[in-house]
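In the two assemblies presented below, chain A is common to both, partnered first by chain B and then by chain C.
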Partner chain A sequence: MSATDTANINRNRAIDVALKVYIVLGYAFVFAPIAASFVFSFNSDRFPSIPLGHFSLEWYQAVASDPLVWQGLRNTLFVGVTVGIVATALGFGAAYTDYRYRFFGKQIYLALALLPPTIPVIILGLAMLAYLSRINLSGNALSVIIAHVVICAPFAMAIIRLRLSQMDPDLEAAAWNLGASEWAAMRHVIVPFAKPAILGALFITMAVSFDEFAIAWFVSGLNETLPVKVLGFLQGQVSPRINAIGTFVFVTSMSLVILAQLLLTGRGQKARPAADE
Partner chain B sequence: MKNDALVSFEGVVKRFGDFIAVQRMDFEIAKGEFLAIMGSSGCGKTTTLRMLAGLDAPTEGVIRLSGKPINDLPTWSRDTPMVWQSLALFPFLNVIENVEFALKMRGVGKAERRRRAEQWLDRMQITEFAGRNISQLSGGQRQRVALARSLVVEPEILLLDEPLSALDAALKVRMQSVLKNLQRETGITFVYVTHSQSEAFSMADRVVIMSRGKIEQIGTPQEIYRTPRTRFVADFLGSSNIFTGKVAAAGDGVVTLDTPSGPLKLASPDASLRAAVGQTASLTVLDTKTNLAVTPRTGQGVNAIPVRMIGEEFIGATATIYLETREGQEIRIQKSHEELANLPLEIGREFEAYWSFDDGHLVMEQ
Partner chain C sequence: MRRPISLYGLTFSLPLLVWQVLFFVFPLVFLIALSFWTVKNFRMQPDFDSVNWATMYGRSIFWKAYGTTFAMAAAASALASALAFPCSYAISFKLSDTARRWAVFLMVIPFFTSYLVRVYSWQIFLSDAGIINVMLGWVGLGPYALLNTVGATIIGYLTLTFPLVVLLQLFSLVFIDRTLIEAAHNLRCGRLRTVFTVVIPSARVGLVVAALFAFILSFGDFVSPIYLGGGDPTTLSILITDTTKSGQQWPRAAVIALTMIGTLLVVAFAAVRFAYKGRTK
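Up next is the complex of A and B:
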């Protein structure tokens, strides 16, 4: 009897339906505000109200014609890509260290490595501003990159560490035994094995950086990223342009996260082993 | 022996912290032989193999390969490929890429690499799976890929760490003959670690029996089977009945042992055993050499003790009869069905177990 057959036994229809409704409500709760923003971004009316006006791209045009928005987008993309690469490289190093070595104080090492995301962003942002301005690194794109790497690297480490923990512990030693030096084994065995997780970490850290507002607001100075720009709009006036930018940022981030998810789970669906000879 | 020794262990000790995994090991592996290292888990057999592969470094002593010390040679600079218990095939590479791996690491060109890998796929009869993923192969096919992957560099020595343990019984027997033929045809020295007596004894030219980090005995399967050197070996093989007692007398080619089952004798030409009088020793006799009779035997040159039958077990052409001496020691007799046909086998019935002095073997307590 297959697993699906087993799952169908003893299922109560009412509970079944209730669970499905529950899931739909859960998603509705999460996505309704975003969906509203999405809908109003295509609405011609100046203020978000029902009934809707006619379909319009005017807010997107308004956004696209604003050079400051383009500047923000360029900053965001540059910061996001750089942060993704640097944070993933650091995260990989930390995860591999954890996988390969046993040493005194390893628990402390791990706790410290995973700590940054648990610090309230306001405090982290303030601390970053105070520290970076002292060493003359505040107020430019580099300062945003440094600050974002600090919060992103732990995510990358967690993702890659999970993948390495699924690796047959003999695999790396087998590569050495077959003539691979430690660097060659890293390149030909560890990295290929962890590749889905490395790409996943790359996209997720990019997405985190892309969305992150609080720390960027503290340290970005004149080189504002897009989320900081959005706040600027909000402070000036309530404009449907925000809906347009919000939709764009949301779609971009979600694409990155979904891509990462596909990479991370794709490996799980392997073909079944053949019957024995 | 000294000249054709491919590997020698000289006073090798391996400690992990306070734990002694291998204690003072001295032995040699001859070129072209099939050596099995056998023992229960934790006896140090895998550590021995890993030291030879360069995956663990000896704490003391020297390991030589073709005369040269290799203690400090990293595993990637040695030609000592290993077949892993887990097989450790690379899941992100297909079959032929797995086999090519070692050649790639040695900088062999692409075309040459492919050609040599294909030869080994052909030899292992897995050519049709060249492009498959590892996850699409059966256990036996993976086994063959693992062998091809290690042998593609045509090493002098191949290390195998319980490679058949994941296979079912029928496939295990088939792979045993594949391995044995492969070893014979290639002339490559095989060092085979296993806990299975049937695997070690059916394939190996010589067997090393280890216990608690020490070598108990090295010898051909016949030697070890017929003349276990220590009580541990006799117990471990489980194919002998063992009677322990004190040496009461020795001389004129006969040794007498005082055991709880009475005085038992065995033939031994060893004159030095006179000095052993009073020491503890064991008499071992193979279960196939132990006989059963209904009436008491009092013939010349025969030990006989009264026993009571407690069970029987039939495996294929042979039967094992379990009996108990009056002192409560269990003994075993293994015979073909024909040999047992005349006996009124019945649980609880009294018999006489007997064997010739010549079939007894003396093991001194150490």
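Up next is the complex of A and C:
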């Protein structure tokens, strides 16, 4: 805190207060749509506005009684869980590669590992649709999984790489010197150390997949995921059902993120090598 | 150093490489090939014909959409940067460590809420009988047509980009050497002048990268222009979805997509050049 104290030299209370008010305004802008969606999901009006109608669960009931929504939810869960596992596995491999090896062309390897999220999803969607339908993989859940792993693996790689950089590099070498094979060192030293990050990556990638709609819209065909279904609601009769689904997805995603956060910070503090294996 | 190539090493390195080459590089390369294919009787066939490029580039609607998209994305990027800067500045210099951690955590939340849901929510605010018009009505104003305007599209772009811009700006601002600011103050440099001559130049890389990401996201977004802007004026992203979803004109959509990628590459290159200008490393 000494840094902020020294800045006190020419500090002006009015400006400080104004800046703090500005922060609040900034967050108000960000959270206004999120809060409104939550509030109006419990509101009875067909065309949501103020003053509020009465409290009602009809939009949740409408959503819950729509078989297509359940279908979408099943697809989303299946895709999300599969994507989470595959993307985390690939991301772990890439993070370990970056952590341990130096080789010719590593820059290109890292670019491939990290670039996909910077390409606009609409372009990726089109490219995936064209390519996957060429090799007869388009229009099913598998095509969504393939595409989502491409954009999710970089997140997993970044999270796990961060954790590995906290590890003492001598730890693995020490295991080898004590007679462990590379595989044994991986199993008893690296994986246990990276476990919080691995689980964190698993949940974050699932959450990313749960919310992704553009690529899924292009490649999913009839196997729509829930976000694609929401896009359909937006296109058709605009209805407060979107709020109900949005609130549900928000609660799910946030649970995953908070779980990941707890794993990454809470247990990550103490470095525990193979003790609990 | 151990030999880099071993079965063990490849087990971990190869899967991602194979996956990204197969499902990231190949689709993008295939897009280039696709742009030279032809469509006859609603069926695509492999070809090497520049007809799609000629058709698209010969249409005034394409260039109009290109200009619109570029201008709106640039405006959104500039606006997001300008609006986010006081916020990230205040978070990094005026808040306690605990409050800052909370601020960062709160700014991450929007990434895990559906963008579609937030856009729909803005419709509730902006429609003719929506929240804002009702409130304006209380003081005897309006109603104004807020939805289906360029302004609404920009609000959508800001919804998409503002949290990311704040976070990226924050990361560069918190790493500024505080002694520099102290020195400026000791030398009787005024508050605003310190911001413009010390803080902003020190954080330039982060600020430019944040603006670049805002541009990339807005440039490719199709949700806000359709559901908040009402599809008018047409953007390149709308053009892509229309061309892809109606009729088998994928080769033409590929032309648009490749033009977008080319534009983004040029913008990204220029932005990075500008960010690192005058730096030795």
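As a convention for this text, the second predicted complex is superposed on the first by the 242 of 277 C-alpha atoms of A that agree within 3 Å, B and C clash if a C-alpha of one lies under 4 Å from a C-alpha of the other, contacts with A are read in each partner's own complex, and residues count from 1 in each chain.
Quick note on the criterion: a residue touches a chain if its C-beta (ideal position, glycine included) is under 8 Å from a C-beta of that chain, and two chains touch if they have at least 3 such contacts.
Keep in mind that this is a model prediction, so the values were computed, not measured.
*Asks:* Which partner does A:R13 reach: the first (chain B), the second (chain C), both, or neither?
*Replies:* neither
*Asks:* Quick check for you: in the superposed arrangement, does A:M157 touch first (chain B), second (chain C), both or neither?
*Replies:* second
*Asks:* Who does A:I123 touch here: chain B (first), chain C (second), both, or neither?
*Replies:* Once the two structures are laid over each other on A, A:I123 reaches chain C alone.
*Asks:* Look at A:A175 in the shared chain and tell me whether it touches chain B only, chain C only, both, or neither; answer first, second, both or neither.
*Replies:* Only chain B; A:A175 stays clear of chain C.
*Asks:* Which of the two, chain B or chain C, is in touch with more residues of chain A?
*Replies:* In the superposed model, C touches more residues of chain A.
*Asks:* Is there a shared patch on chain A that both chain B and chain C touch, and which residues make it up?
*Replies:* none
*Asks:* If we count contacts the way the header does, which residues on chain C are in touch with chain A in the complex?
*Replies:* These residues of chain C touch chain A: 1, 4, 6, 8-9, 11-17, 19-21, 23-28, 30-31, 34, 83-84, 86-87, 89-91, 93-97, 103, 105-110, 112-125, 127, 129-131, 134-135, 158-159, 162-163, 166, 178, 181-182, 185-186, 191, 213, 216-217, 219-223, 227, 237, 240-241, 244, 250, 253-254, 257, 260-261, 264.
*Asks:* Spell out the residues on chain B that touch chain A in their complex, using ranges where they run on.
*Replies:* Those in contact with chain A are residues 53-55, 74-76, 80-82, 84-86, 88, 90-93, 101-102, 104-106, 133, 135-141, 149-150, 153, 168, 171.
*Asks:* Considering only the defined contacts, which chain A positions touch chain C in the complex?
*Replies:* 1, 3-4, 6-7, 9-10, 12, 15-16, 19-20, 22-23, 26-27, 29-34, 36-37, 40, 47-51, 89-94, 96-97, 100-103, 109, 112-113, 115-116, 118-124, 126-132, 134, 146-147, 149-150, 153, 157, 182-183, 186, 207, 211, 213-214, 218, 227, 230-231, 234, 238, 242-243, 245-246, 249-250, 253-254, 256-257, 261
*Asks:* Spell out the part of chain A that touches chain B in their complex, as residue ranges.
*Replies:* It is residues 168, 170-171, 173-181, 184, 188-189, 192-193, 195, 270-277 of chain A that touch chain B.
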